[in-house]
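Take a look at the structure below.
Letters A, B, C, D and E mark the chains in the order given here, with residues in each chain numbered from 1 onward.
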Amino acid sequence: MSLSVRLRHDLPNIKLDLNFDAPSGVTVLFGRSGSGKTTVVNAVAGLLKPTSGRVAVDGWELFDTEKHLWLPPHKRRLGYVFQEGRLFPHLTVRQNLSYGRWFAPKGAPRENPDKVIEMLGIGHLLDRRPAGLSGGEKQRVAIGRALLASSRLILADEPLAALDDARKAEILPYFERLRDEVSVPILYVTHSAAEVARLATSVVALQDGKAVRHGPASEVLADPSVAPAGIRAVGAVLQVRVAKHHSDGLTELNAGGTSLFLPRIPHQIGDDLRIRIPAQEVILSNKRPEGLSALNMLEGTVDTIRAGEGPGAIVSVKTPAGSVLARITRRSVDALGLQPGQLCYAVIKTVALAPQNVGGRVISE
Amino acid sequence: MGWLGPEELEALRLSLRVSFWATLVTLPFGVFTAYALARWRFPGRQVLNGLVHLPLILPPVVTGYLLLLTFGIQGPLGRALSEVGIVFAFRWTGAALAAGIMAFPLMVRAIRLSIEAVDPKLEQAGATLGASRIMVFATVTLPMILPGVIAGAILAFAKAMGEFGATITFVSNIPGQTQTLPSAVYAFLQVPGGEAAATRLVVISVVIALSALLASEFIARRVAARVAGS
Amino acid sequence: RAGADGILVFAAASLKNALDEIAPAFEAQTGQEITVSYAASSVLARQIQLGAPADVFISANVEWMDVLQGKGLIEANKRVDLLGNGLVLIGGTSAPDMHEVTPETDLAGALAGGHLAMALVDAVPAGIYGKAALRSLDLWDSVQGQVAQTDNVRAALALVAAGAAPLGIVYRSDAVVEDRVRVLAEFSSDLHPAIIYPAGVTTSARPEALAFLEHLQSPEAQEIFERQGFSLPEQ
Amino acid sequence: MSLSVRLRHDLPNIKLDLNFDAPSGVTVLFGRSGSGKTTVVNAVAGLLKPTSGRVAVDGWELFDTEKHLWLPPHKRRLGYVFQEGRLFPHLTVRQNLSYGRWFAPKGAPRENPDKVIEMLGIGHLLDRRPAGLSGGEKQRVAIGRALLASSRLILADEPLAALDDARKAEILPYFERLRDEVSVPILYVTHSAAEVARLATSVVALQDGKAVRHGPASEVLADPSVAPAGIRAVGAVLQVRVAKHHSDGLTELNAGGTSLFLPRIPHQIGDDLRIRIPAQEVILSNKRPEGLSALNMLEGTVDTIRAGEGPGAIVSVKTPAGSVLARITRRSVDALGLQPGQLCYAVIKTVALAPQNVGGRVISE
Amino acid sequence: MGWLGPEELEALRLSLRVSFWATLVTLPFGVFTAYALARWRFPGRQVLNGLVHLPLILPPVVTGYLLLLTFGIQGPLGRALSEVGIVFAFRWTGAALAAGIMAFPLMVRAIRLSIEAVDPKLEQAGATLGASRIMVFATVTLPMILPGVIAGAILAFAKAMGEFGATITFVSNIPGQTQTLPSAVYAFLQVPGGEAAATRLVVISVVIALSALLASEFIARRVAARVAGS
């Protein structure tokens, strides 16, 4: 296990009481506004001394109140993207970016600054100071500063909230790369289901300071009862391998022997990926559909049918590619006469799959 | 400055030297004290605070007399220091000590207020990026309070240029050693008809102190603009 | 008007002890209220020049009184030389007696590298007198570089009392009361201009002021002055 | 026309040069980070004096450099939700909320504070000060403060970016109500296509300080070339009327004679609504599909086929309900042999429609 | 305070009165001047700044002399003001004037630094919510700088309690009228045997000024905590 957190702390409003061991990778903290996410991150960072608890990263203890162990923040080797930016106003963007490196141990593995700067699109801002930057520009610099700090643990508190979709799509793969290649543990706070689906290795759902749900991303996301994400976040996560890049701009994936098509992704043939299929986007059919624009059709059998809140239901379908979830109306369940064990087809639009639902290593040229 | 006699010129030079060194040497102590008062909670904090302010509250003569008792030839500290070659009594260094102590509260006040205006969240950010307490101070706090430090230093310099009561009581008035501009001004004012000469010296010291002040405003504004990033 | 209900006296600060004793007696005798403002003679004289409502002025030196008189602010024919004083050489309690300072006195040797505490030798009366005395004795050049000048004579006394300076030149009236110093020698009064405290009433003074001026010259008053170490002027 | 903006202003980085007249309602400023959105809003608010220009609200001029007219900010009767919160640290939440009312003219129409507080879920924070609030809590208070200022113009700079989906869904209808009932003109900055679709009366797309596109929301959103929104924002907006609430939790809409089903919405029967159908979510079929879980099928004829970037294409289909856009792969276009004039069916999932794509008056009990 | 003579008690009372009024009356001017220096750009700004600082730079005796020349019975302003019934010469009001002027630069500095620390963006937010400049000042700026204002006021009070040179030069040393504690200390120090009485008075004034200072720290911290919201 890579990130082990045990915390107990009383705030005037809420009592924090958490205990989770997350595997290496990205641990997403999920929860409504005011549920205690930032407080947890601050405790891990050492900016707040909780009443009691213990935090360890890859077995390296950051603090343990029982052992009276307490590493000050600057010894924790963090890269922290704050919810409110916190850029140094007296330093240029360039100096802000290199700040962490001034203090990093000599041999520490370091990101390539040029690459990070290019990815964040802040090359033209390097000589300016934070005061004149737009909200999104500030946030991008803050992300860059944390990423370049040569850290052993990355904390990111809603890092992408202020950014537009296009920019998000550019930055997300970077966090994935950190997770997969550099294998830095990442504690990540977000309200966005897409980010969770894409990044999360495991998810901790917070409510009023308590971890109400905790598990691998695929499990938590498949659970319609996960309140914070909202019903739209429910979806299945499949293991796939890149099979072929087609000339018409599509990429073919091999999912347990079945082919899935989606718009070209920048991964190499043979790469193993995770792909999230939002339940929302899946249509079920009780006969093999014909003449449809949707290219992806998975044959399978109905596994379970869970009536959700309101008029909807979540139908889980066993396919050779893995379990696929579909969110459809109860009326359709009746109309199609769906029952556990019944043969059916899951129809998935090609464009529904890309790009923000694909996770995996990106090899940039 | 053809209209200054050699003795007056000497006094001017001495005043500048005394004020300069008084400011320079007290500055690190001023920054440290201000930081301690602004950011740390320790027993005796209010005592330290009171002590720092004493020279502002006491009549200067009293401060000078206390200095004499402490740092004079017979004073406990004076004797100890003279063993290691540091002598204040009747030296320009003593004048600098007196000026520095009289200016200290002003300096600390100015710096302290500017430290209190720095958002501790920025210092936290520095810490998460690996900077130790001292490095956070050097790379975040200090650059951000620089306008306040400059203001405080120049204020102290101006005050030192005008200091008289404590200085003359502590190190008296020895031409070329401890006779600063204000002592000279005082001497002129004691005798009938000395006003003209006194005025001349006052004008000089005012011009110097005001120039320093304006320069500090200018520097502080530049630094502040840089810090604010505009 | 300040001091509207009585007589306002501007007096050199060194007279405080004596006047604080004399004034109540006068008040008791006459029912006139006396208010005394003590400050440096130069300060008081300047204030009178600029319209201060003083009735009586007692200066520690003659020059300032002359200035005021020259400007017609002091009743010339009522002015008196009220008091005199002497200069003494003082040292620490263990310093050896010197009896009298003569041209042969090895003042520089007695200082042993230390400082001679005096009031400002060109500005403050005690300093001016002291410098004149040392000049007359041809001792000035040998000690000039070691003179530590203070803004008033009491500060010079303090330097010696605190042990910061081995020797000092102050008024006899100052030296007699301080326990931590002793008088090593007196300066003969012909070595320096006569030390005189002139007193006078201002031209705007109320009539009762004259009575007080006269009271200051009364035997009871003179006795108090003498007790404080002042001498009566050599007429 | 309700909001008329003409601005010219030079910043070190970009030259602002804009000119648009927006109809009453919500005008959304759309554009990538750093494109000048906040600068425009600040100029309208009077926090920045542009080199030249004129801004008028409902014919009431806020400034006109030609006429040397310049109303200071406090005379403009604004409610401004800043991108960075800007709560008054020395005031409690309650005092922050009522700050604007202290200065509002006596007779000014005012929102009901209790309702706003309840909607924003900040009732339990009223006696606290901003320093102890979480990021989302601060932003909600900032929104409340602006809404309660009895203003004639609302400026909102990414007001919902820091909030979770559930909270967004609660606050969005409120802005709709302001737009529809109170008819306060609103200038709104967002990166979210859903917010645009839902709120925007008209959209101004900014790029490097210039308005590259400007028009009614339905037009701009139907245009795949609108860069800032990203291709996922493309969609059709249909005019519909609420026909029936079914007992199984679905609401039936009448769209030009055709029925559309979607999960229950809180509008009353007979209400006229706008509904956005993201092109992303539409599947096309060249024969009437059968046995599908999707309840909505619109018969129509292919109007245009625009090959987009990458492997996709946007197909516009004329249906009795209006023009519907579908984003499908070019491969599917070929496979289905789609051509202008051809008969085809647009398949839309019920759950794809709700709730954030429905705009209209909500009558709260 | 049985060990204080009636005259000393009188001096104490007078010092308190003088310092209190000096602080109170100069405070609005101090706030206004600090605001103008911190936030406005106007021609003559640096001149005003220099003028404000003059009393700090000048030897106090010189300041007192200038006051005497200006506000004295024969001074141009003194004469004009006395026509409308405001008399400073040789009154306690004059002592208050001298103390106020000597303390003014300290007060302005402290307040100005705290104004400069207020984020203008918050003031802008106030303006967008309908508050006019004055109302923004009253509801945003002033509450936020309150710690600085309190600090500045008490600093000024402490300085006023210790002011001597300018006061005695301007309004002399008249018991019951203009004899403040420091003047009384001066008088005692000028005569043999006065040290004990002088020490007593010094201790009293130090205790008072330090108490005020500590109280101000306390109040300012309370206010700051409220402003910071914790």
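Heads up, the rule we're going with is that a residue touches a chain if its C-beta (ideal position, glycine included) is under 8 Å from a C-beta of that chain, and two chains touch if they have at least 3 such contacts.
In this text the structure is predicted, and so the values were computed from the model without any measurement.
Undergrad: Expressed in steps between touching chains, what is the minimal separation of chain B and chain C?
TA: 1
Undergrad: Name the chain whose C-alpha centroid is farthest from the C-alpha centroid of chain B.
TA: D
Undergrad: Per the centroid of Cα atoms for each chain, what is the distance between chain A and chain C, given in Å?
TA: 90
Undergrad: In angstrom, rounded to a whole number, how far apart do the mean CA points of chain A and chain E lie?
TA: 60
Undergrad: What is the distance in Å between the mean C-alpha positions of chain D and chain E?
TA: For chain D versus chain E, the centre distance works out to 57 Å.
Undergrad: Hey, what residues on chain D touch two or more of the other chains?
TA: Answer for chain D, listing residues that touch two or more other chains: 84, 128, 132.
Undergrad: Note the residues in chain B that touch 2 or more other chains, in rising order.
TA: Within chain B, residues 61, 164-165, 186, 189 contact more than one other chain.
Undergrad: For chain C, give me the residues that contact two or more of the other chains.
TA: As it turns out, chain C has no residue touching two or more other chains.
Undergrad: What are the touching chain pairs in this one?
TA: After working through each pair, the chains in contact turn out to be A-B, A-D, B-C, B-E, C-E, D-E.
Undergrad: Please output the residues of chain C touching chain B within their complex, sorted ascending.
TA: 40, 42, 45, 63-64, 66-67, 114-115, 117, 120, 122-124, 147-151, 155-156, 158-159, 162-164
Undergrad: Considering only the defined contacts, which chain A positions touch chain D in the complex?
TA: 11-13, 31-34, 37-38, 83-84, 124, 128, 132-137, 140, 157-158, 161-167, 169, 191, 193, 227-230, 232, 246, 248-250, 261, 263-264, 280-281, 283-287, 289-295, 310-312, 326-333, 335-336, 347, 349-352
Undergrad: What does chain B use to touch chain C in their complex?
TA: 61, 65, 68-69, 72-74, 89-90, 164-165, 168-169, 171-174, 183, 186-192, 194
Undergrad: Please give the residue numbers of chain B that touch chain A in the complex, ascending.
TA: 121-122, 124-133, 135-136, 139-140, 143-144, 226-230
Undergrad: Any idea which chain B residues touch chain E in the complex?
TA: Residues 46, 49-50, 53-54, 56-62, 106, 109-110, 113-114, 116-117, 147-148, 151, 155, 158-159, 161-162, 164-165, 182, 185-186, 189, 198, 202, 205-206, 209-210, 213-214, 217, 224.
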